[in-house]
Every structure is written in C-alpha cells, then in structure tokens.
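Chain IDs A, B, C, D and E follow the sequence of writing; residue 1 opens each chain.
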Amino acid sequence: MVTLFGVFLLTLLVITAVGILRAEHLFVAVMLTGIFSLQMAAMFFILDAADVALTEAAVGAGVATVLLLGALALTNDRERPSGIRPWWPLALIAAATLLVIYATFDQPRLGDPDAPVHQHVAPWYLEETPRLIDVPNVVTAILASFRGYDTLGELFVIFTAGIGVLFLLANPSKGGALSLSQSAESQGLRHHLVPRVVGRLVVPFIVLFGLYVQFHGDYGPGGGFQAGALISAGIILYALVEGESMALKALSFRVLAGMIAGGALLYVGVGIAGILLGGNFLDYSVLSADPVAGQHLGILLVEAAVGLTVTGVLLTIFHSFAARDQKS
Amino acid sequence: MYLAATVAILVTMALALARALLGPTVYDRVLAVNMFGTKTVLLLSVIAYLYDRPDFIDLALAYALINFIGVLAVLKFVQDFTLRHKDAEH
Amino acid sequence: MNGLSAHLPAIPVIIPLLASPLVVLLRQRGLAWAAATASSLFCFAVAITLVAAVRESGVQAYAVGSWAAPFGIELIVDQFSALLLLIVTGASSFALLIAPRFGSGVPDDRQYLFYTAWLLALAGLSGIVVSGDAFNIFVFMEISSLATYILIAGGPNRQALAAVFRYLIMGTIGATFYLIGVGYIYMMTGTLNLADMEALIQDVSDLRPVLVAGGFITVGLALKAAVFPLHIWLPNAYAHAPHAVTAFIAACSTKVFLYVLFRFDFLVFQGNLPGHIEQFSAFMMPLAIIAVLFGSAIALAQKDLKFLLAYSSVAQIGYIMLGASLVSVSGLTAGILHMFNHALAKGALFLAVACIGTALGVLSLDKLSGAARRMPWTFAAFVVAGLSLIGIPGTAGFVSKWYLVLAALELGVMGALLIVPVLIGSVMAVIYIWKVVEAAYFGNAGETVVRAEAPWWMVTVLWAAVLLNVWFGLQPGLPLELAREAAALLLEGQ
Amino acid sequence: MMEYLGLYNYWVFAVLLMLGLYAVISRTNLIKKLIGMTIFQAAVFLLYISMDKVEGGTAPIIQSHMPGQLYSNPLPQVLILTAIVVGIATLSLGLAIVIRISEAYGSIEEDEIRKMDNA
Amino acid sequence: MEVLLDIISWVLLVSGGAFVFIGGVGALRMPDFYTRMHAASLTDTLGTILVLLGIILQAGFTLSAVKLLAVMVFLLLTAPTAAYALANAARLARLAPERRALDD
C-alpha cells in the first residue's frame, strides 16, 4: 500500500516538474519549486530516510524558496517568452531518458533486501555502530564519524558558498546594518499586526526546536545541518516580521562571519586534536580515555561546528541578498 | 483507518497541486502552496503512525514551522513587488 | 605513530582548510596573502616529501578517523597522485607569489575573501587528488569548483560574470553526472572505496547499469576537464579571470579532473567491462585529434593573448587525451608526462601574461606591438615558455611530445598517421606563438620607448618557472619515472 | 506488476533528471536555468534514496527495544545529506552571480547578454 | 475502553479526512480567490484538528502525543495567520473578487 502512495507522490512530482518548466512567470516557478521540495521530502520519508526528509524540507522548501524569492526581487520576475525553441535538445534529452530507463531493467527492485547495496558495508555500519559509537541514529554515526571527512568537506562547501556570496554581494561602502533601517521596504511585515504578533510568538519556539534538533541528532532525525537550517529559518522569520535591521542588530555581519569561521575552525580543530593525541585526523576515539566517550564528544563537537557554520552562512546569504535590495 | 485518512490527504494534495498549476492569480498559488504544506504535515503525522515510528513527529513539527515561514516570505515578496509597481505607475 | 610523517597524505588538505577560516578572521589583505602563500608553499614542500616517500616506500595510505578502508574514507597517494599533487601545489605557490594583490576588479577590503577562496580551491584540488573514495572526490570537487567560480568572478570586466555563470552551470552538470555514475556503481557493488570497487565490480553480472555509470562518469568528468566538444566554458572563463587565477587554474584544474577520469576509466572499468578499452579508445582518439587541430586553429585566429592561450589549452588537453587513448603504457606515460609539462609551460606563459597585464594593462595583440622593448625580461621569458609549449628540444614540452610520437609509432602504420595531427598542432603552435613574438618584437613601438617592466619580484618568479621548463627539458628523469610508474599502475595494476 | 512498480522510482528519476537538464539547456533565463538545475539535482537525490529502502525495514535509527528489526541502508542517506548541502551552496552562489549579472547587464536572459558582450 | 477509543479515533480520522478532502475540492472548484480561500482555510483547520486528534487518541499519553499536540497548536496559530496575511495582501493589491488581475 505504501508503495502505491509512493507511486502517487512520484507522479505528482513529475507533474510539478513539468509545471515548473512551463511556467513563464518565474514567481510561479518558485512557488511550484517549493511544492516540489515538499513532495520530495514526503517521498524521502516514505523511503525511510527521515534525516534527509528533514533536511530537504528545511532547505528545499524553506531556505531555497526564500533565497530564490530574494533573487527574484533583485532581478526580474518574468521570463521573456522565447519564440522558437530548437528541437534538438528535446530529441537529445528524450534519447538520454530512454537510455537511462533501459539501464533500469538490470537494476535491483525497490526494497529488494538482496540488492548489493545492502550486502557489503551497510550491514557493518548497522551492526558495529552500537558497539563502536553507541548512538542509536546510525545516520549520525556515519555522518559525523565513519565518514566524518566527507562532512568536513560538506562544511567547507557551505563555507565556500558563504565566502562567495559575501565576495560577490557585500556592499562595504554602505556599512551594513545602519543604512538599512531607513528604507520603508526593510520594515518587513511590520504594519501587519497579526503576522507580527504570531511571528514574535513563534520565533523563540523555532530556535528552541532548532536547538533540540541539534542536540537530539544522536537519538532521532536531526543534527547540525538540519538545526542550522531551522535556526536560520527562525531568524529569517524574525527579519520578515520585524525588518532586516532588527535581525541584523541581533546578529550582525561581523558576528555571522565569526560564526562561519568559528565553526570551520572548530571542525578542523577537532580533527587536528585527534592527530595531536596520537590518533589519525578526525579520530575521535583518542579524545577521551574511553573510546566510545571520545566518539560521543567528537560527534557533539563536530555537529556543533556544522550547526554554527550553516546558521552563519545561510543568514549571511539571506542578509546579503536583502541588503542588495536596498541599493537597487 | 490511517489508510483512509492518508488517501484523503493524498487526493487533496493533488487538488492543491492542480490549483497551484491553474492559478490564475498569484494569490491562488500561494494559497495552494500553503494548503500543500499543511497537507504534508498531516501526511507525515499519519504515516509516522502507519509505520509505527511515532518519534518521527519531529519532522511534522519542523514542516509546520518551515511552511509558515515560506508563506510569510512569499507574502512579503508579493507586497514589496506590488508596492514597487505602484511606485512605477505614479 | 612516528611523528607527523605518518599524516603526510592528509596534510595538503588540512593546512589550507585550516588557513581559510583564519584568513576570514584576519581580514587584512597583506596578512591574508602571507597566510595563503605560506600554506601553499608548505603544501608544496609536503608534496615534494610525498613524492620522495612514494619513490622510496611505495603507495602511502591513510585512514581518516582511523576507520579501516571500505567503512571509513581512505586517502591514497601513489605515483600518479603524487605527481598531480606536485602540479597543484606548485601552480598555486607560483601564482600566489606574483599576486600579493589582485587587479582593479577586486576592492581592497574584499581581497581577503579572495585569498580564502584561493585556499579553498587549493584544498579542494588537493583533496580530490589524495582521495581514495569516490564520493569524497565529489565533495572536494565541489569545494574546488565553487571556490574557482569565486576566483573567476573576481575578474575585472562584467564578462567574467557571464563566463562564470556558464562555467557554474556546466560544472554542476558535470559534477552531478559524476555523482549519478558513482550512484550506479554503488548500486551494483555496495561500496564507495575505489580499490574495493575495482575488486567487486568483477562479480557484477548485470552490466547495463555499470555501462551507464561509465557513460555518466566519463561525460561528467570530460565536461569538468574541458575535453574537446565540452570545452566551451573554458576560453571565456580563463580569459576573463584575474591573471594570477588564470595561471593557477590553467596549470592544474583541468588536469585534476583528467586524473580522476583516468583513475575511473583505467582502474574501475578497464578489464571489468568487455570491450571498454576499445570503446574508450575509439571514442576518445578522434575527439583528441579534433581537439588538437580545432583548438590550435581557433588559437591562430585570436587577437587577445589570453584567449589565444586558452584555446591552446584546449589543444593541449587533446594531446593528453591522445596519449591516454593509445591505451598502452608508453602512450599513457606520454599523456601523464604531458600533464606535468603542459602545466609547466602554460603556467609560465600565464605568469608572463600576468606580468604584461600588470605592467601594460593591455593584452590584445595589436596594442602589444613593440612591447618587447618595453618589457625585455618578461618577453624573453614568454619566448622560452612558448618554445616549451611548441615542443622545441631542450624544453619540457619536447620531452612529452617526443614520447607521444614514440608511443604512436609502436602502433605501426596507423600510429604513424597519428603523428600527423601532432605535427600539424605543433606547427600551428609555432605560428600562434610567433604571432605574439612578431607583434612584441617587430611591431612599431612608436617614437619613444619607455621601459615599463613588471615589478622585479614578478619577473623573478616568472623566470623561476621558465627555468623549470628548461631544467625538466634537459633532466626529465623525475617526472618521467613518476609518469611511467603511474601508467604501469593504471594499466597493469602494479 | 510488482516487478515494474519496483522500478518506477528509477523511471521517475530518469524523467526528472532529463526534465531538469532540458530546462538548463533550452531556457535562456538564468534563474530558470538554476531552477532546472535544482530539479536535476533533486532527481539524483531520489536515485540514491530509492536505493536505501529495504522491504519491511524502517529508518536506520536503532530501536533497542525491538531486536531483530530490519533497517534501511543508512549510507545513501548520509551521502544525500551532503549532496543537499552541496546543492543549496551551488544554488546560492549561482543566484548571487545572477544578481550581479542583472546589475551589470540589466538583463538575465542569456542571449541578450551574449549580444551585449559581442557588441 | 480500548474499543471505544478506537472507534472514536476512527470516526475522527475519517471525518477529518473527509473535511480535508472537501476543502481541497472547494479550493479547486470555487469561482474566485476569496471564496476559494474561504473554503480552503476553514475546512482545512477543522480537518487538521480532527485528524491530529484521532492520532493523539491512538498515541495515548506519550511524548509523541505531546508533540502532536504541539503540531496542532502550531497549525492552529499559523494557518489562520497565513490565511489572514494572504487575504490582506490580496486586498492591498486591490485584487477585486471575481476579477483576474495581477497575473494578466
């Protein structure tokens, strides 16, 4: 039955994607992208990927939509209707689709427990995690420890994006926060009483929930990245109802840059601590006398590092887009 | 019985999607997105029980939070946009 | 644990990653440059040590987090990766040394972000080279790509933005294709570790997904490496980037992706897919030949120095692919050696361009007439590096082309035919380098010739790079040995 | 019937992948290209996550009170968590570049920009 | 007792599903934006409450029941807010009932 739900959702996904493609109003395309992400997240949930579903919802439906809208506000929200569409891309794409579908017939079916994917390393993770790391959430264990080096890379990818947006959009002559407060547009939804009151009420809960997700990641779906996305979503909500300048007063660009760099330093620092204490890079077992306790400590620290950097970067990007708005 | 509720929710998702695709105004689409968001929250809650993993209600909570922010962001965008266009007219 | 030396494979990644957030905190341009240059030079030294270690005691493996290979991520430095590491860190060091500040495109108070991006690009490229895990390669590929986009977007004109957007789109498609390919292999083998993959893929009986994986990975990486029909992002991106950035990425970035491509095609697919080698060869060889001819021909028509050299890069990537598509140890040796030698030659040429650009501010050939009399040292260096690019005996470029010809001759008559495009390409290289020389040395400089040499330290660095070209032209032993061992490793697994 | 339903996920992956790619290739609007790119990447997420499902399994969060419970494969989930981050990083950098392009050229249509460059 | 709880939660879930569905039909079939919003937001809220109450009855006194309650309270707070803000924005933009504006 659940498989059928999956099939239904997947069909909706395709319809939505076609809708995105056909929408000439970019704003409509962005709206549909939000729906697309929600469907994707529900699909991930059905496929047993709770952590991924949480991330996709926070990032795809939340942050990505806000960023796309921010960019639309700065550019143009209409796609210029183009007259002639060349036929060859469509033919090429159709051929490639058929090729990929042709390959599927040799693939293991969905949910097949005998598939090679479930034979080699995956059972090892599931069996050894309770003994070696002792956290219930195996995804967190792999993410932060077994493949912690990938996560270090992930953190630096988002770090790079933050650096890039700062580099491309920073507007130093304007001096950041102060110049923003003058414009009427930076007032957010201030003159709407109801959203403002409810928003104010909700923001602390979102941040609290984000912290819960951050520190509960060992036991349930969650972790640094999801928490970072949720907390920054909360602060973005604050900026929406109270205006950019208020949000920037709470967390200025300086503080955000400190968070970005601090998180990155913390992660690399934990790795180097492993070397200094006689292990390999990112070896948490040596952090404490008891290897399992060391793993717990290491995972806690690197998740905190990821949370810090992600919050910093997402907010920096949001504020950079918003600050650009004032200029144009 | 969870199944009955799930089917109703899924069908409603399809209806909301249809509204989002049809429009015709921007506000209709925002409405559809909002509907879609609440339906996703419901779907997750129900499926969490269908799967017998009640600890995943966390996800539903997160979705509810995110959805609200998304809708407000869209409204702010629409509002700024109409303001700007009014400026351009005068 | 015998001190730091056990951690050598990880250090070229850790150091720039550690330095980049520090640079963000420092914020000051001079300090940022000093930190970036110091870490780059340090990594260069580590790379040299690693080359020595590999030559002495074979492959260096490192288990990150002390988790054993297929479960954790393993770093592997063999002859091939050591050579690439040398290219990457060397190119970064030389280019940084001439760039204590970037041109007018980047405001002073944002230059520290630029050096941060530089460090990240360095870390990403080193990370790809030392990694022994297919997914980890993807992650570091993205770090290096995003950082490179930032570096190119720092170019002085608005064209840089358009160029970088196109590069971003094509680069993302390439990386995603790679990810799909890795996903398919993972689906059929259940592992992400390259060595493990190689062993397990032999037992896969349903080959269609593996074939599709091979297609996706080859196309994706070819896109990133600008192999001929997928090169269209390259000329604009190189030409509009800040000069020092061009010197850095032109010398090493496409080569790193070629490295990954060779790793996958020769180690994972070869011997496991029936007929894969023939397909690889039949597919790549024509493309390589067209790339050599087409790239050189377009370069001939260019009026801007940077565009000229960028199209020449397309042709040179063709030479590397041509060597690889022979699928013999000697051919692959020539290809890998050409990676090294082309990095030397093209790096030196773009360093010269950086000097010219800094001193004169113009790079179009008609405005450079008589410029050699204004900047004699720089143009002398340009000529020597140009000779190396052409492949004149006594320079590094000659060695690899010579081995390429030898490898082609091994194939008999068909091979002799392959020499024709190599020769035509070299002749065209003579012509386009001559165009520059003609303009600079024999053009009309006007009545008064004002000396406008680039700052002394830039010229020193430039000449150091040029002399390396001559040194490795006369003493090709070390890179040749490394390339030969790397080729043997790829083809025979030893 | 089940034989093919088990492949439906992969078919949708193929269709979404190519729809995204088509948007990237055929549209001239830069933001539309980026939106196409997100669909393209989301398709890959679907490919990986479809692999992780085990019939009768549940999310890989070990429940000690239920010994013998089957769990789905955690590894693809870890990879996709990373890939989602990469996706949002690329998207935000791409949007920042589009904003700068829009300021510098006054247009976000690729062919118009090319015309201005060649002029 | 068990049976009674089951029956009640069954009724709640099914009627909740029905309301949700009716809301969906209303959002699709009503003639203009304001009526559509009316249909959607009212039935939506009621349907949501019913469905979540149905699940809470099944969950009993557990942590997840508290979380479900939190979801419910949250939706009760935010859904009307979003609806209000949406209608307000539409009014501000002078979207007249039964006129196709803005999207031209």
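Quick note on the criterion: a contact is a pair of C-beta atoms (placed from the backbone, for glycine too) under 8 Å apart; a residue touches a chain by one contact, two chains touch by 3 or more.
Keep in mind it's a predicted model, so treat the numbers as computed, not measured.
Undergrad: Does A-D or C-D have more contacting C-beta pairs?
TA: A-D
Undergrad: Which whole number of Å gives the spacing of the CA centres of subunit B and subunit E?
TA: 11
Undergrad: Once you find the CA centre of subunit C and the CA centre of subunit E, what distance in Å lies between them?
TA: It comes to 57 Å between the two C-alpha centres.
Undergrad: Rounded to a whole Å, what is the gap between the Cα centroids of subunit D and subunit E?
TA: 30
Undergrad: Quick check: how many Å separate the C-alpha centres of subunit B and subunit C?
TA: Whole-Å distance between the two chain centres: 47.
Undergrad: Residues touching two or more other chains, restricted to subunit E: which are they?
TA: 74, 78, 81, 85, 103
Undergrad: Multi-chain contacts only, two chains or more: what residues does subunit C have there?
TA: Within subunit C, residues 135, 139, 142, 146, 149-150, 153, 186-187, 192 contact more than one other chain.
Undergrad: Enumerate the residues of subunit B that touch no fewer than two other chains.
TA: As it turns out, subunit B has residues touching two or more other chains at 13-14, 23, 26, 30, 32, 51, 53, 55-56, 58, 61, 65, 67-68, 72, 75, 79.
Undergrad: All pairs of touching chains, please: list them by chain label.
TA: Touch list across chains, by label: A-B, A-C, A-D, A-E, B-D, B-E, C-D.
Undergrad: Could you pull out which subunit C residues touch subunit D in their complex?
TA: 135, 138-139, 142, 146, 149-150, 153, 158-159, 161-162, 164-165, 168-169, 172-173, 176, 179-180, 183, 186-187, 192
Undergrad: In the complex formed with subunit E, which residues of subunit A make contact?
TA: 25, 189, 192, 194-195, 198-199, 201-202, 205
Undergrad: Spell out the part of subunit E that touches subunit A in their complex, as residue ranges.
TA: Those in contact with subunit A are residues 74, 77-78, 81, 84-85, 88, 103.
Undergrad: Considering the complex alone, what residue numbers of subunit B touch subunit A?
TA: 3, 6, 10, 13-14, 17, 20-21, 23, 26, 29-30, 32-33, 36-37, 40, 43-44, 47, 50-51, 53, 55-56, 58-59, 61-63, 65-70, 72-77, 79-81, 83
Undergrad: Can you name the residues of subunit A that touch subunit D in the complex?
TA: Within the complex, subunit A contacts subunit D at residues 3, 6-7, 10-11, 13-14, 17-18, 20-21, 26, 29-30, 33, 36-37, 40, 43-44, 47-52, 55-56, 59-60, 63-64, 67-68, 70-72, 74-76, 79-80, 82, 85-86, 89-90, 92-94, 96-97, 100-101, 104-105, 107, 109-113, 115, 117-118, 121-122, 125-126, 129-130, 136-139, 142-143, 147, 150-151, 153-154, 157-158, 160-161, 164-165, 168-169, 219-221, 223, 225, 310, 317, 320-321, 324, 328.
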